[in-house]
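Each chain carries a letter (A, B, C and D) given by its place in the written order, and its residues are counted from 1.
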Amino acid sequence: MIDASKASKASAVVKYGMVGGGEGSFIGDVHRKAAAFDGKCRLVAGCFSRDYNNTLRTGKNLDIVKGRLYKDYMEMARAEAEREDGIDFVSIVTTNSTHFEVAKAFLEAGINVSCDKPLCFETGQAKELKRLAEEKGLLFLVTYAYSGYPMVEEARNIVKAGQIGEVRTVMGEYPQDWLTDLEEETDNKQAKWRTDPEIAGISNCVGDIGSHIENTVNYITGLRIKRLCARLEYIPPSRPLDTNAHVMVEYENGASGMYWSSQIAVGHENGLCIRIYGTRGSVEWVQETPNSLRVCSLGEPAKIYTRGQGYLSPQAQKLTRLPAGHPEAYYEAFANLYSKFADAIIKKSIGEDLDGNDLCFTGVAEGLNGVEFIHKCVESSSKGCVWVDVEQL
Amino acid sequence: MIDASKASKASAVVKYGMVGGGEGSFIGDVHRKAAAFDGKCRLVAGCFSRDYNNTLRTGKNLDIVKGRLYKDYMEMARAEAEREDGIDFVSIVTTNSTHFEVAKAFLEAGINVSCDKPLCFETGQAKELKRLAEEKGLLFLVTYAYSGYPMVEEARNIVKAGQIGEVRTVMGEYPQDWLTDLEEETDNKQAKWRTDPEIAGISNCVGDIGSHIENTVNYITGLRIKRLCARLEYIPPSRPLDTNAHVMVEYENGASGMYWSSQIAVGHENGLCIRIYGTRGSVEWVQETPNSLRVCSLGEPAKIYTRGQGYLSPQAQKLTRLPAGHPEAYYEAFANLYSKFADAIIKKSIGEDLDGNDLCFTGVAEGLNGVEFIHKCVESSSKGCVWVDVEQL
Amino acid sequence: MIDASKASKASAVVKYGMVGGGEGSFIGDVHRKAAAFDGKCRLVAGCFSRDYNNTLRTGKNLDIVKGRLYKDYMEMARAEAEREDGIDFVSIVTTNSTHFEVAKAFLEAGINVSCDKPLCFETGQAKELKRLAEEKGLLFLVTYAYSGYPMVEEARNIVKAGQIGEVRTVMGEYPQDWLTDLEEETDNKQAKWRTDPEIAGISNCVGDIGSHIENTVNYITGLRIKRLCARLEYIPPSRPLDTNAHVMVEYENGASGMYWSSQIAVGHENGLCIRIYGTRGSVEWVQETPNSLRVCSLGEPAKIYTRGQGYLSPQAQKLTRLPAGHPEAYYEAFANLYSKFADAIIKKSIGEDLDGNDLCFTGVAEGLNGVEFIHKCVESSSKGCVWVDVEQL
Amino acid sequence: MIDASKASKASAVVKYGMVGGGEGSFIGDVHRKAAAFDGKCRLVAGCFSRDYNNTLRTGKNLDIVKGRLYKDYMEMARAEAEREDGIDFVSIVTTNSTHFEVAKAFLEAGINVSCDKPLCFETGQAKELKRLAEEKGLLFLVTYAYSGYPMVEEARNIVKAGQIGEVRTVMGEYPQDWLTDLEEETDNKQAKWRTDPEIAGISNCVGDIGSHIENTVNYITGLRIKRLCARLEYIPPSRPLDTNAHVMVEYENGASGMYWSSQIAVGHENGLCIRIYGTRGSVEWVQETPNSLRVCSLGEPAKIYTRGQGYLSPQAQKLTRLPAGHPEAYYEAFANLYSKFADAIIKKSIGEDLDGNDLCFTGVAEGLNGVEFIHKCVESSSKGCVWVDVEQL
């Protein structure tokens, strides 16, 4: 699939298709911009909607040849797998409820998968996708956007290098305020589906944003959650799904954590903030000012690390395009996910072995953990906010 | 006791004595500076130490006549009660372990009491102090410093006025890092007694700083805790008392809260931060930058209120001395506690009725709540971090 | 040139060519990413380098057909002007020294021009470009990046609406530290050409970054400079061009301003900060945290406006893609310049009249002012830092 | 005068008298609180007002014996000089217009002087005070408040230690907004006298706040101004004195500086901010958040130094009372001035030699520089904003 003649890292371009993301979709456009950003991925096929006319219109605007605009994703998986110049991966940006079936179809067709988060509804489904990907030897990306930020990468490297000692406690929070009022009763589509269990699944707040805390903390520290105690609140009570959640967690190394996610915290837009405290130091990252990282060592002045500087780890430097002080943000972070994924696909396609540095993105195993986390939060809360063990998958 | 000829609010001076606070004490000096700050309180008697020589030296430096330097607090309570010009109140700044007995002695002698926080060790003791104060008709101040800040007062007024709607959820945190290492094994006296159950009581971290979250949230919102679920961590495990604590709370109105206090959070000095989220808005106050308050209303730009401005409530304006932009800080907040207490004592002494505005400080009832909070946190944690009901005292 | 069948605003795509930006160029890639960002511009021709092989390699990577890869810009201007499907505009991203000749060539060929800033070396050249553009009725964009930020647009709208009253004084600063040491003696190419009068022109610091202050202030307030007094410093003295500059300005309405730009201000990366003070209020924007704007009204709490919110002006809302709290940054601001320019070209191509809202970008007239500003700063400084009049062009 | 039996540094108390600061004075109370703060100074005499009844009332409230309440300052100087237990220093807090005559009287009587800033109206007067103080061997403090902040002291030590290399450029600003409207036409007393040349002298904005920039920069760097170019603006024009001023300065070492002071900058309360840039690093201090200092070294992350930490210089540590994170502010900074002055007086009284560490406060020589600075700004501006030399006094 990869054009062998182009398979130098510098110039190789990966071909991909998209399921979902038709007219009216917001996130599809974000994914396409991100994939195109560094010129490593080219969109060549799509099944953008259940409505074929929507797919046709979307595809035409994107200059995709009609022959690769599909009526349904099953057909797309089959046809692209058969083409000599078929897609190298599919990007799944449908609503959560269909992630599983679509991902499964492409894995079974032997095609690498990038899937929006959360991976799927059920832990069992997630296990099946993991099993399939491993069985087929396919690459799998779950697009948790925040792990794409350079300063999150730097935090990960700082922790990995032992600079803050052993992790003792973690504070993660993700406050928003866009569901303070009953937006779902207006014509706000996002609000409608996020608060609808049929489409969003068993959780809204934890599923949508609490899961980002779990993922980002895991990405930075590598720590897995052993057990947790969660209180999910349905505010106001008429809502069928949670809009505010407090979760106490315990990690496998004995460290503790506390996660707060909220969609009713007036005055916050997208306030993801991750703070990791170790025996010797700490790191703090705030999504709304993503170009800096507060790094502390015991007994020393706090240091403000900034994106683009020469003192950063090579891994963090690699994820940046602009000189220090010229800010990069959400799109660029998202682009890093696709860039990492494309690099891994190319490397694999030319027969090289992939190591941890190549696979420094959220894969299907971490995606599975994310699904399990959501389920355990709901379980703990529904049992009266008690401690429940998290399966080590 | 109050000099009637001086009993105009403007010029009246309240006389007080102090128990504790001799040479080598840090907090005694803070209290004396605070009490002296606005010229409303004059120190005229003391039992500064169990070591009479220390009391004599301390008293001499403070220009207190020798006849009012006492060998023990019982004698002081008795003697001052008998004097025509006896003290109007006693300020108790001893270690936590003796608050109860000293406060009791002065209440029984008919003398108003200001006592450092926490009020005492046991809930039963706290109830007895409350009963005694009520029975004797005496004023009682528990010196939780942070409720003395003008912008905390403003937050309280904003919430009381309904500006943020009904409170839905609360985030309180108080991270420090001074006990990251085993400071108690050095010659750090503060570290030694804070981590010693004999002197600090059943909790270190929750008792010392978690209790400030409880008090400040209660001061701002008026909300009482109905039940809670606490995890107290002894980090490192060799320590006999907690140094890190996560507490989920539920208030009597159904709102939720989450309190984090820590003494091992590297990079934080004294990071008390209180955030109150209501149905229409929110307030946020950070102790290390105490002269401002972030105030949000749904759908509007965040507003930064600042101390000393004409748009603040009269209650907040009253607690400030300097023009806006000339910062006030910890001492001045502490001074506000003594100023409020002195005002109440004077008003009472001239026979006027005291209302809520006169009693806008932490009294013995709230002090009792504070003791109960500490006990319930320890109980919840020792039972395995389960939910426990808090007695409505 | 515009495909008439596509000439609905929604789907029309503008074709452009690029001069400069070959392999090894940083800014060329920024421009291409920016132009591609919203799908409104398609790169179809290029003369990326004086080295034709570089142009061929660059063009191939960008999927440009060989027939539209040109050996020199004169040929390109001529050929594209003759093609039925020729480019709608050219984007000039060469070094400053060639802006004039290239821009002139394309204007004479009847092609709209986007040119990197500063417009050119000499005021006379700038006047000629202005005359040519007007004579030919062509659109001209000078790509001052910072005017593309949504919150700069909001600041402009706030000032225009009279919300801060009449402007009284302005503070603009743009500190960097990348030339603190003699970087030009290392292999730092940027440092080499920026400090070389042959390529950079008569000024380095004022020409490169001081000019951004002038432009951004003008974009927000509309105010023209009447006279100025500038001190350009060559630090260290061995340098042939300025690296630090203080400029006092007087605007045509009598208001005053002070501009500081520096490349030797240790601790600053790209610290452009613009503050406008009026009789009733003020606005403050900081480039490194570009998603917010501090807005003050006399006697009220400061307000923090944030990108993506519904309370912003339609003009500012239009320049944003992501929901509030999901930051956008430098690339997206740059993309806004191309988006505005493409919109204007499309509107013009279908025969509609353009008004101020269509032309809300830095055109050739403002570009001319920018060149004059640089010259007058150098003149003032070389005369001993005295006041000089600025020609009202 | 100093009680020899008390002349150990620990317990010695310095006696002082005050001229000015009667009922209705704001600054008198600030000085008295500051002087009392650390228990080193005791107020024992006063001539608080030209109205003797005011002096009597003020003195009574301050518990000063009637015999030391004086009808005029000449009498006070004479009488206190003759007393065995006379004052060790006088604190002059009258309006600017009388500083000279009062200070002169006390110097001539052989009494150390603390005088509010600016030192006096005329350079000639200032020279005379300097000559007198030197001739009599008396200590002289000019109470520029901001040099009392611990983090300003730290900045001074950092610069002195060469940590930022040689100073290249300086940015000082001091924006306020309290004179945006014509407050002097209301009953605002401060506004009335500040804008009245009879009382405020030849400058309002530069004299009142611009002079603080000059002093604080000098305190931190030790640099003297060689020449300057100032634009003083009378906004609105009806005002007889300046309310906005831009000043370009050149220091004796060739470094440059730019000072902006304003009383019409809406949105600022008391925004003194000092930034010093050297060849290797920089320091930045902001008065409204005075407990921290931003310190940068080229190529390294910015560091945030905070008051109360063990890594600070001994000089900065000595000026703090509370643990890190418990903020100190304006009163405490002011108290540090009196504390330093009292220490010097005590040390001198017991015959010890004073060195630079003892005299680390603004003395009469620096006070003279301050007066010269104001005059030269006015001179430069009135000549059309041209460069004028500053006399090296």
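As a convention for this text, contacts are C-beta pairs under 8 Å (C-beta built on N, C-alpha and C of every residue); 3 or more make two chains touch, one makes a residue touch a chain.
All values reported here derive from a predicted model rather than from experimental measurement.
Q: For the chain pairs C-D and A-C, which is connected through the larger number of C-beta pairs in contact?
A: C-D
Q: Counting only Cα atoms for the centres, state how far chain B is from chain C in Å.
A: Using C-alpha averages as centres, the distance is 56 Å.
Q: As a quick test, compute the distance in whole Å between the mean CA positions of chain A and chain C.
A: 35
Q: Counting only Cα atoms for the centres, state how far chain C is from chain D in Å.
A: Chain centres of chain C and chain D, defined by C-alpha means, are spaced 45 Å apart.
Q: Could you tell me which residues belong to chain A and also touch two or more other chains?
A: Answer for chain A, listing residues that touch two or more other chains: 302, 306.
Q: Mapping chain-to-chain touches, which pattern fits: line, ring, star, complete or other?
A: Per interface graph, the chains form a complete graph.
Q: Considering the complex alone, what residue numbers of chain A touch chain B?
A: Within the complex, chain A touches chain B at residues 164, 168-169, 171, 173, 177, 180-181, 229, 231, 233, 235, 244, 246, 248, 256, 258, 260, 262, 264-267, 275, 277-282, 284, 294, 296-298, 302, 384-387.
Q: Per the contact definition, I'd like the list of chain C residues that touch chain A in the complex.
A: Chain C reaches chain A through residues 11, 29-30, 33, 36-37, 39, 61, 176, 178, 268-271, 287-291, 306, 308, 321-332.
Q: Under the definition above, what is the set of chain A residues touching chain D in their complex?
A: Residues in contact with chain D: 295, 299-306, 309-311.
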